[in-house]
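Take a look at the structures below.
Shared between the two complexes below is chain A, which has chain B as its partner in the first and chain C in the second.
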Partner chain A sequence: MDVILTALGLVFQADVLLTILLSSMFGIFVGAMPGLTATMATALLVPVTFFMPPVQALSAIVSATTMAIFAGDIPGTLLRIPGTPASAAYADESYMMAKKGETELNLGVNLVFSVLGGLVGVAALIFMAPSLAELAINFSSYEYFWLALLGLTCAILIATEDALKGFIALLLGLAIGTIGIDPAAGVPRFTYGNVDLLSGVSFIPVMIGVFAVSELLRNAPTINNAAHTFAQSIGNIFTGIADVFRRYWVNFLRGSILGTVIGALPGAGADIAAWVSYAVSKRASKEPEKFGTGHIEGIVDATSANNSALGGAWIPALVFGIPGDSITAIVIGVLYMKNMNPGPSVFLQNPQFIYAVFIVFIIANLLMLPIGWVAIKSAKRILSVPRNVLSPIILMFCIVGSFAITNSDYAILIMLIGGVVGWILEENGFPVAPIILGLVLGEMLEQTFMTSMIKSDGSILPFVSRPIAGILAALTLVVWVGMAWRMITDRKALPGAA
Partner chain B sequence: MTDLTRRGFVASAAAAASAGLIAKPAIAQSAWPNRPVTLVVPWGAGGGTDATARIVAAILEKNLGQPFNVVNRTGGSGVVGHSAIATAAPDGYTIGMVTVEITMMHHQGLTDLKPTSYTPLALMNEDPPGVQVKADGQFKDIKQLAEFIKANPGKLKASGTGQGGIWHLALVGWLNAMGLKADAVPWVPSNGAAPAMQDLAAGGIDLVTCSVPEGKAMIDAGKAKSLAIMAAQRNPLFPDVPTLNETLGINYSVGAWRGIAGPKGMPADIAAKLTAELKKAYDSSEFKDFMKARGFGTVWAPANEFADFMAKGDASMASAMKSAGLAKS
Partner chain C sequence: MRVNDAVSGLVFAALGGALIQQASRLPGFPGQKYGPDLFPKILGIGLILCGVGLIVRGAKALTAGAPLLVHQEWMKETRAVLNVFAFIGAIVFYLVLSEPIGFIPVAFAVFLGLFLWFKVSPPRAVVVAVLATAGFHWFFGSLFRIPLPRGVLTTIL
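Up next is the complex of A and B:
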């Protein structure tokens, strides 16, 4: 109890509270800007935190990332441009809702369920950190192989119209992912002696390209229609939220729990949590045909999941010094810098700091409600700017965001190529989201398969004989058989329907 | 209107450029640094190299009165960042933190860059590898582990970094010193020390040859233990971990090091000033305290000794990588 009081004393200081407020605003801005991600918000904060006391430094990171993951939903809904990769899974769905005139409901759900999901993640971090960390630490490359495979399967599950075209887009993403140094043998592939290509193709500039730049290209022919603006005005965003909660509280719980667990697994963060929970939502839904037409159900799952994953990712980071995602990979460095060496002893040596982090997490999530509301309100003003003024500004942020990934013009080039390719693909009915998923999970799939085969001396038995791996293998098989079954029955049903 | 502003802009830009052309050489030579300096780091934000670079940059900034901006240029197993340092203008306004990989990558055929592609300024840190195993596993000490490897070549698997990375070569060097071949313990590539330590706990691999500080969190958590370090002396922060020499009689030591260097052809006066400033930073209590807190070793070598150090390291890496089958030619 004393420790909690000390922690409260550490947090409720003018400078810490001011840090939380300023970092939150910074996080909202970074998250809402296409191309500036939550991970980048953290990286940008590292030099600043260098000169701060521990609690203030960690408060800055916690508040900025919490806000950024939610803020990524705003441009996703209004412009069909996900602000961070964590919003990519349902940017299409959100944009469809906006087109149907349900912008308020969509943004309200995104805000409220981000807050609730975030709180579930924090609760797990506070009450279940040791046991969840024990679970997460048992995952070896065999288990991650199945997880990566299940994740890739999501691309097909959420492909709305044409599963085959979704599959082709996924393969394209996987193919691009092979560029760079091979993760297992360390051999350069498709690099042609070019230094930049050695680092591979980062998925963030590709994401900015295929979502944002392609959208700008699509709108270019009518850009001088000055009266035309992107979306309609936004009214009260909190209308109808209670209804959504009553109808989809199961989705909220499922998304939050799934998000927390995926976040706690080393190597998978908020973006993968959103993809998986959205796909699970569609698979479990009574009305899967409504997915992709501007339906709120999957968004409840996914927007809860990506915020709960944030708290989840801190679990292995604090308990074992193993990052749960790319944000905590940086956080661990900051913890070391502040003499809070991660490990179970961090709870014994500096419990007041850890409790202070928990308190900041709760404050940041609660603060998201008013700050998010203001952000949505001001986004409305931005949207009333004529398109021929807004489009170049968006493009500028895309360029800045891409540049920041590699600190060079290489990423800008990737973004521009991604934009043209994405535009051509979408004009021909190919979904672009699976490309991103292929890029994100391709390397993980290859690396886990190769390292597993090295470990087992070429035997595939450990892929199914380890207990958790066996369960995941069975799950993958069930999903695949289910998909095949549905395809066969659909095909039988088709002639009858026609 | 548009024309006018554009012409105005062009004119003022030209004026600024010509002023810069005239003024720049004079100022650059007399009073370096008179504008912000970029410090390139070939590894990601939050890692050990990044943290070391940032503390050095902070001290330089305080003493020299100009911002030292740390820029992370990651990817390509370190090639991208090292190449950014080597290809920058050698005017003293872009320097970088070079790491042990510069003595390794060119043997693998990943790049043409080698230690001589730089103006060496100072060596600041070196960390020896340790031998970590699962805490509740069958191995109680390094002798028992060494006997098991000799009796069962190929049975155990090790990890700690990517294929051909420094910890991989540490393993190969150790095996060679015991008279064993590189494949006596096959290497499982990983994305770094932390994932390897996690895989050790998950039972995916049997030993991890990363540095002891990198494994500290898992050791503290009771998931892993360190059996030995491959260094000349014990680490004062981990006094219970013996060296290979005192346990196995093998006098083998290797390490991952970090130093500061600039592009080749930097003006000698600026380089000398930087080395002097780096010495001041190295001797500061801020640097020492920081490195001690993270468990990082501190080693000092000025420019010329740093060059010799790298040349020696490069030669020993060449033979180690050849024997591991990692060298390209």
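Up next is the complex of A and C:
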């Protein structure tokens, strides 16, 4: 109880509350702008959070991402362009509803069920994380090695269409992570006498490059396409929501739970949660023929799922230091910078921070109702911001944000390389999120691997002889076999498209 | 621009080889069998294996008649290609000139140049460039106390 009071004290401070409000508005804007994603919102926020105390920094990220995932629904409904990938699964369905004259009902459902779904995800986080942490406190380097390996493997298996290319991206991230002082022996590695590289390739500039600059480059060719306009005015969005809830509360629960579980799986986030729950909804529906014609049922599932996935993704991130999606991969990087190394010990040593995160999550989800309402009402103005004015401003944000981390041009150079390489890789079908996962988890993977190897004197047996380590090893093997099988079947289906 | 998988496979396999070669020059860990070279070497092997996988896949596609290089639609438009290079050029421009000339003039030039290139009307471009430069200087320079390069304005600021 004391801890919760301390946590409340940490959150209910003017500067933290102001941060939550401003980040929420920022998140709504970024989420609603097509082409700008929740991950990009996080990437752009991190340099700013760098100068904040831990709770304030985490509040900024939690509130911005919560809002961004909802706000992505707005242009999906109004323009048929999802604002973030998490809304892509049902953008068509929403747009069909809008064409039938049900814009208000659609946006109302999106808003209310995003809030409710988000709260389910948070509830799962609050109830599961501490008990998992108690289990994890007994883990040794063997368990952590398998967890990190399993997490990285799942990230590739679930989150990428092309496992081989996902693997390469991951190995690339891990390889970038080996630059700097090595974690076991303290030998400088691949630094070639460069002082900047001694502390490793700075994580934030790489992330800004890979997630934000590459996005700017990808959108650059179409930057002069006309700004999106629509003439509709939006009435009362809350009419009829109660009816939808009475009729589809099962869908809401199913979507939220599915979203939380998918979010908690390493590597799969809100976008996959939305796709899967929409598909499940269609399969389980009594009237699947209505799907795709502007039917609300699947939207209830999917819009609850993508917001609940956010909370779910924090479970493995806080308990094991293994990110549930690319946003929490960034969060883990931030936690390390704040000297709050994620893992079960945080729950023992600094439980007030964990509880503060829980409280901020609840506040952000509740705050979504009024802020989301304002955003829907002012959608016309938000969506008319011209991209040719916005993009150069985002670029400068990337440059100055990177510079702020090291106060030197070195970070800008890293950002530039990250942006160009990330852009080229994505153009060629390589996913970029595994690069960041590899960079974030690389040190943990290597450290636990080296410690385990030195402890076991090179023998493989101790890696699997402890019960939990054995189970994790078996799980990892199952996933690997599944992945190999998929690679083989993929190759038969698609004979090597370039 | 999409290259055939065989080309990217070759690049990554070569990268894996280079990683192993460079790692083998690292000093050992006295008294231990496993040194700082072990992990990078494993990664190098992984890169080579995956690279070979891509080469095999790309080679199959090539023999099936797929081209070595595919140009996307947007690459046929010079303006679209130059848009991409405008962003890259802006970063390089800032990187080279911000230190000697200073944040304020260079940021203003980056904004104005990009706005005009992206066809923002000139009066609007100037106004937004001035406001954005001032805004960034206030937010990062004053609020967060980032030492943005002063350059030629050192004596004035």
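Methods note: the second predicted complex is superposed on the first by the 278 of 498 C-alpha atoms of A that agree within 3 Å, B and C clash if a C-alpha of one lies under 4 Å from a C-alpha of the other, contacts with A are read in each partner's own complex, and residues count from 1 in each chain.
Everything that follows uses one rule, which is that a contact is a pair of C-beta atoms (placed from the backbone, for glycine too) under 8 Å apart; a residue touches a chain by one contact, two chains touch by 3 or more.
Note that this is a predicted model, so its numbers are computed, not measured.
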Partner chain(s) touched by A:G321 [first = chain B, second = chain C, both, neither]:
first
Once the shared chain is lined up, is A:V464 touching chain B (first), chain C (second), both, or neither of them?
neither
With both complexes overlaid on chain A, does A:I454 touch chain B (first), chain C (second), both or neither?
both
Thinking of the overlay built on chain A, is A:S391 touched by chain B (first), by chain C (second), by both, or by neither?
second
Of the partners chain B and chain C, which touch A:G200 in the superposed model: first, second, both, neither?
first
Per the contact definition in the header, classify A:A123: touching chain B only (first), chain C only (second), both, or neither.
neither
Looking at A:N407, would you say it contacts chain B, chain C, both, or neither? Reply first, second, both or neither.
both
On the A-aligned overlay, A:P221 touches which partner chain: chain B = first, chain C = second, or both, or neither?
second
Just chain B (first), just chain C (second), both, or neither: which does A:F190 touch?
second
Where chain B and chain C land on the same part of chain A: residues 51, 184-185, 407, 450, 454, 457
Residue set of chain B touching chain A in the complex reads 44-48, 50-51, 54-55, 58, 70-77, 79-80, 83-84, 108, 110-111, 154, 157, 159, 162-165, 186-191, 194-195, 197-199, 201-205, 216-218, 220-223, 290, 293-294
Show me the residue ranges of chain C that touch chain A in the complex, using the header's touch definition.
1-5, 8, 12, 15-16, 19, 22-23, 26-27, 29, 32-36, 38-40, 43-44, 46-47, 50-51, 53-54, 57-61, 64, 66-67, 70, 72, 74, 77, 80-81, 83-84, 86-88, 90-92, 94-95, 98-99, 107, 110-111, 114-115, 118-120, 124, 128, 132, 136, 140, 144, 146-148
Residues of chain A that touch chain C when the two form their complex
48, 51, 164-165, 167-168, 171-172, 174-175, 178, 182, 184-185, 187, 189-190, 213, 216-217, 220-224, 386, 388-389, 391-393, 395-397, 399-400, 403-404, 407, 409, 412-413, 415-416, 419-420, 427-430, 446, 449-450, 453-454, 457-458, 487, 491, 495-498
Looking at the complex, which residues from chain A come into contact with chain B?
42-43, 46-47, 50-51, 137-143, 180-181, 183-186, 188, 195-196, 198-200, 202, 266-267, 316, 319-323, 329-334, 336-337, 339, 341-345, 406-408, 447, 450-451, 454-455, 457
